[in-house]
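Each of the next two complexes has subunit A plus one more chain, namely subunit B in the first and subunit C in the second.
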Partner chain A sequence: MLRYIAHRLLGLIPVLIGVSLLVFLSVWVIPGDVVDIMMGDEMAQSAAAIERLRAQMNLDEPIHIRYLTWIGNVLQGDLGVSLISGEPVLDQILRRAPVNFQLMLMAMFFIIVIGIPLGTLAAYKQFTWIDNTIRIGAIFGYVIPNFWLATIAVLIVSLYFPRSGVLHYVPFSEDPIANIRGLLLPGLVLSLTTVTYIVRLTRATVLDALRQDYVRTARAKGLSERIVMTVHVIPNSMIPVATVLGIQVGVLIGGLVLTEEIFMLPGIGRMILLSIESRDFMVLAGSILFVAVIFVLVNLIIDILYAFLDPRIRY
Partner chain B sequence: MHDTRTISRTDERPPDAAGSDDAVAETDQVLSPTRLAWKSFRRSKLGLVGSLMVLLLIVIAIGGEQFSPYDAYSMDSSVSLEPPSLAHPAGTDRFGRDQLTRLMEGTRISMLVSFVAVVLSLVIGIPLGLIAGYYGGLAGTVIMRGVDVVFAFPTILLALMLVATLGASLPNLILAIAVIFQANVVRIVRASVMSVKEREFVEAARAVGARDSVIMAQFILPNVLSPVIVQATFHLSLAIFIEAALSFLGLGTQPPTPSWGLMLNESRTFMEFAPWLTIFPGLAIIFAVLGFNLMGDALRDAFDPRLSQR
Partner chain C sequence: MTERAPKPCDSSVVLRVRDLRTHFFTNEGVVKAVDGVDFEIRRGEILGIVGESGSGKSVTGLSLMRLVASPPGRIVSGQIEFGGRDLVEASTTEMQDIRGRRMSMIFQDPLTSLNPVLRIGYQVGEVFRYHLGLSRSKALHRAVDMLRATEIPSPDRRAQSYPYELSGGMRQRAMIAMALACEPELLIADEPTTALDVTVQAQVLELMKTICRERQTALLLITHDMGVVAHMCDRVAVMYAGKIVEYTDVHTLFARPAHPYTAGLLRSLPRLGAKLRRLASLEGQPPRLTRLPAGCAFAPRCPRAQDRCREVAPDLTRLGNGHQFRCHFPLENDKEPQA
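Moving on, here comes the complex of A and B:
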């Protein structure tokens, strides 16, 4: 196990170097002379912004020196300062990260409490109208673009429930209840695609478990259906579901940009969009690198947990 | 019983079936895996529905606004923001343009982006996957590290970064989507090549002195194509989604070109008085994504019967 973890950690190094190179190259090199672009941009014509840019980018140095300087700073926790506001990028990210964390938790909550029971129910009632309804619902849920659904949700709430407060974001520290109320709808919309996926997966794995010999034995010795399901079927069908839940964290991270934009939440996704609009390359590079590294680490943890959960897997 | 795995090319009847009546010959016939898959695909009702939906989209994409009495770009302020009616089945937008016509033009954009991006991803991904799987070694390692890097980003975020830095335009969007998809293609091709390259027919080809390029093109490629085709079908629907999402964020298609995502974005300003502008582009995206997904599901079941037995 330890050897496996060590092996995976070592494998992480080239990936992280590649990720940082890709971010560096696409953000700093492809746009040509960034200063030219900045000069042409009304948002950033201030001399201060250009001064910050020049100071941070070492524009006179050759490209590999610029990369090494940048990555050296990043490794020391310095993602640079915003070209527009002059605020350190990392501070900005850390200020916004709680919103994303909360939103992910909310979405995960919906995925688990909606997806797993529905999938189990569909499998238990296979080929009945209940199963068919759930399966058709899952297909549609999967193909409905969540940003469209979010837009429609905002429309319906603002037309019929304008005073409900579900479209109003309040920081947790100010009013926890209003905060959760404001994240319900974004969390639900964000979870949709994954919920439908988890429904389909849970249905398949529960069906698989229902056909196992140990389930037949359990029934044969007279255990109630309730015990058969809760003790024998459900726990055994949850391992693949748990893995996929982890992988879906990436889908959720990707979905954050759209969700935050539609519901006007002050998270990292909106920060990325704003930095693109204002051509704040320092913020763009820093925040995308941050999200990618989190994403890579989450995937690593999932893989290790998976090896831990399922002793049949040997590496 | 004939073993279908050992016969890859022939669709001739076995000698004993010759001359018997067609119905019997049909069941006795030895089918290649591809033909078996095709038969199974045709039997799938959902696959048929999906294929018809895709066919309709392609026809609309080719015909575009020729099917409509209106022009997708010309403005007419006298019919601005009209609700759906017989004259305008999907209503009109802020500038009095017929929305159904614009949705049909948008179909062209969606199909263009998804097909070009997917073809491009295959053109890049298949050779890289063949090299990585067949030769391995340093080239293989470098290719697979590159793939890992692409997979280290959430899809939408990588597309967002590439388009934002290359510049928001249709060709850049296509390029960004192709770069993301090719990583998946490389992975699939490499995995299949590695399982195929040790098989007897490849060794036989090597033994008679066939060159590597011939072995790859004639013996390996045909055997790795089916998972690639299935994945490409799913990529088509994913590309439609990504194009719509980025255009929705203002980073894809630029106005006045009608793209479903862009139309959704523009509709948000008038959502409360003109909800039809929000509803119909969404339905168009659902229709297209559903069509390609149903087709992909049926293709996957056809090529891999083990999965459909669930």
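Moving on, here comes the complex of A and C:
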């Protein structure tokens, strides 16, 4: 097991090199740079000043030199400073990451406590009205776009419950209860698509498990339906669900630009968006690299969890 | 033969099945998988149910356990008398109490029949935990004892193994341990050795026979293998298209089969010492159970079939020695006087 983890961690290196290269190249192909944005109309006036500024920021060097300098610093734990505000990129990330982490936990909570039980129930009551209702509901939930639902939620809350405090983000350190209250709605909205997907996936895997011979054996042993379901059916059907949940953890931490925008949450998604607008490639590269590392690490953790869910997998 | 002849009303009867009918209601019509089956089995007796795939033998076993998938399957009529109770009428909780404690079942493929993510010891121990209310550790202890009783080497270690870590024969031994843990009165074994190597087959069969004899457990052995029947069974029921077509003790069955279908099955067996020639095989396929012929279901494949066979389904003929069969024109090699 330890060898496997070490192996996987080593495997991260090429992945992260690839990601960092892609990030860097994509910043490079965006027309214009931070200096263009900063100087605006004054640009034509003092070409010499602009060149000086570019040189200060090392923007005049060739792309590969800039990349190597950057990656060299990253490897020493230095993600650089924002080209606009001068604040260290790592500080910005660490200030904003808890929002995303909390949001992910909140959404995961809804996904697990709503999605898995509903999917299991639908499978257990296959072809009854319960199953049909859940399935139709899941399709509706799946086709409703997140940004639309988020907008409607904000609209309804601000029109009818303006004092509820549901739309105000407060950092956890200031007021934990207000913090959770403020993340409830974004978490719920964010979870919807995945909930419906997990419902359908769980239904399929539970149905598959119910057809297995070992379930017949469990019944032949005289176990009650509750034990058959909780001990024999559900653990086996959770193996594929865990994979999808793992990927979702990465997605939820990484790219929530729309949800963050609509609910005005100070998360990493907005930071990425702002850095693109201002061509602040230091912030952009750093935050995308951070998201990529989180994504890859979460998948590693899921792979390790696999071994506990399914003993046939041994590394 | 006379010393084996069963007394008609025996108090040691563990299970008596009367006119059992299990039908499946499918889109293509009603499949009469089991269609009027009668038999009984005594303490410590081994009864074989033989037949081709689709003859209804497995559904018979599942019906006894009330494990037929519903829908589409349903026991439409009949009685299953077991422990002074008609199981057809029993509630789900009553059945849960009986299954695994008083009546157990093992299945064809021991790999898929064991839960892949749970340890063997846990799976055997479950029976003790839920039927005898033992704690998890005590149940595990008893499970190890059961594994030892089924001659699994180093049972302590094996109890900690997962099914995929065991060989086929070992897995089936674990299934047997699980089934016999609560010393049931009846064990139903559905093709227990079909998925195993030939050498392992013999060992597993021998083990089942020994344990059942020792504990006086009745064994209902479902198989398609006449060799297994000859080796194991006291009495045999031959099934065809959902009905028992011949029912007798194993010696009579092999020496003087009455039904042409039984005779056909026996002819397809290789015999030691016989001249080497092509084995006879039964022509044709078993009938589709949604479209059974009006008369005898075997008539289309029967070398002795006459017009009457195609028109009237034969009733049960009972001979004095307990030999029963459903045939208008039985093979005449039964020398005993007719009742």
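For this structure, a couple of remarks:
To be clear about the criterion, the second predicted complex is superposed on the first by the 258 of 315 C-alpha atoms of A that agree within 3 Å, B and C clash if a C-alpha of one lies under 4 Å from a C-alpha of the other, contacts with A are read in each partner's own complex, and residues count from 1 in each chain.
Note that in this section a residue touches a chain if its C-beta (ideal position, glycine included) is under 8 Å from a C-beta of that chain, and two chains touch if they have at least 3 such contacts.
Keep in mind the model is a prediction, meaning the values are calculated, not measured.
Under the clash rule set out above, the superposition-derived model of subunit A with subunit B and subunit C shows the two partners fitting side by side.
Look at A:Phe295: by the touch rule set out above, it reaches subunit B but stays clear of subunit C. When the shared chain is aligned, subunit B comes close enough to touch A:Thr151, but subunit C does not. Once the two complexes are laid over each other on the shared chain, residue contacts for A:Ile253 go to subunit B alone; subunit C is not touched. In the superposed model, A:Pro235 makes contact with subunit C only, not with subunit B.
Within the superposed three-chain model, A:Ser224 lies in touch with subunit C and out of touch with subunit B [touch as defined at top]. Between subunit B and subunit C, B touches the greater number of residues of subunit A.
Looking at the shared chain after the overlay, A:Arg216 reaches subunit C, while subunit B stays out of its contact range.
The superposed three-chain arrangement places the nearest Cα atoms of subunit B and subunit C 15 Å from each other.
Across the interface of their complex, subunit B is touched by residues 14-16, 18-19, 21-23, 26-27, 30-31, 139-140, 142-145, 147-149, 151-152, 154-155, 158-159, 204, 207-208, 250-251, 253-255, 257-258, 261, 272-273, 276, 284, 288, 291-292, 295-296 of subunit A. Every residue of subunit A that touches subunit C in the complex is listed here, in rising order: 212-214, 216-225, 227, 231-232, 235-236, 309-312. Residues 65, 67, 92-93, 95-101, 104-105, 107, 109, 112-118, 126-127, 130-131, 162, 164, 175, 178-179 of subunit C are the ones that touch subunit A when the two sit in their complex.
Here subunit B touches subunit A in the complex through residues 145-146, 148-149, 152-157, 160-162, 164-166, 237, 241, 244-245, 248-249, 251, 264, 267-268, 271-272, 275, 278-279, 281-282, 285-286, 289-290, 293, 310, going by the rule given at the top.
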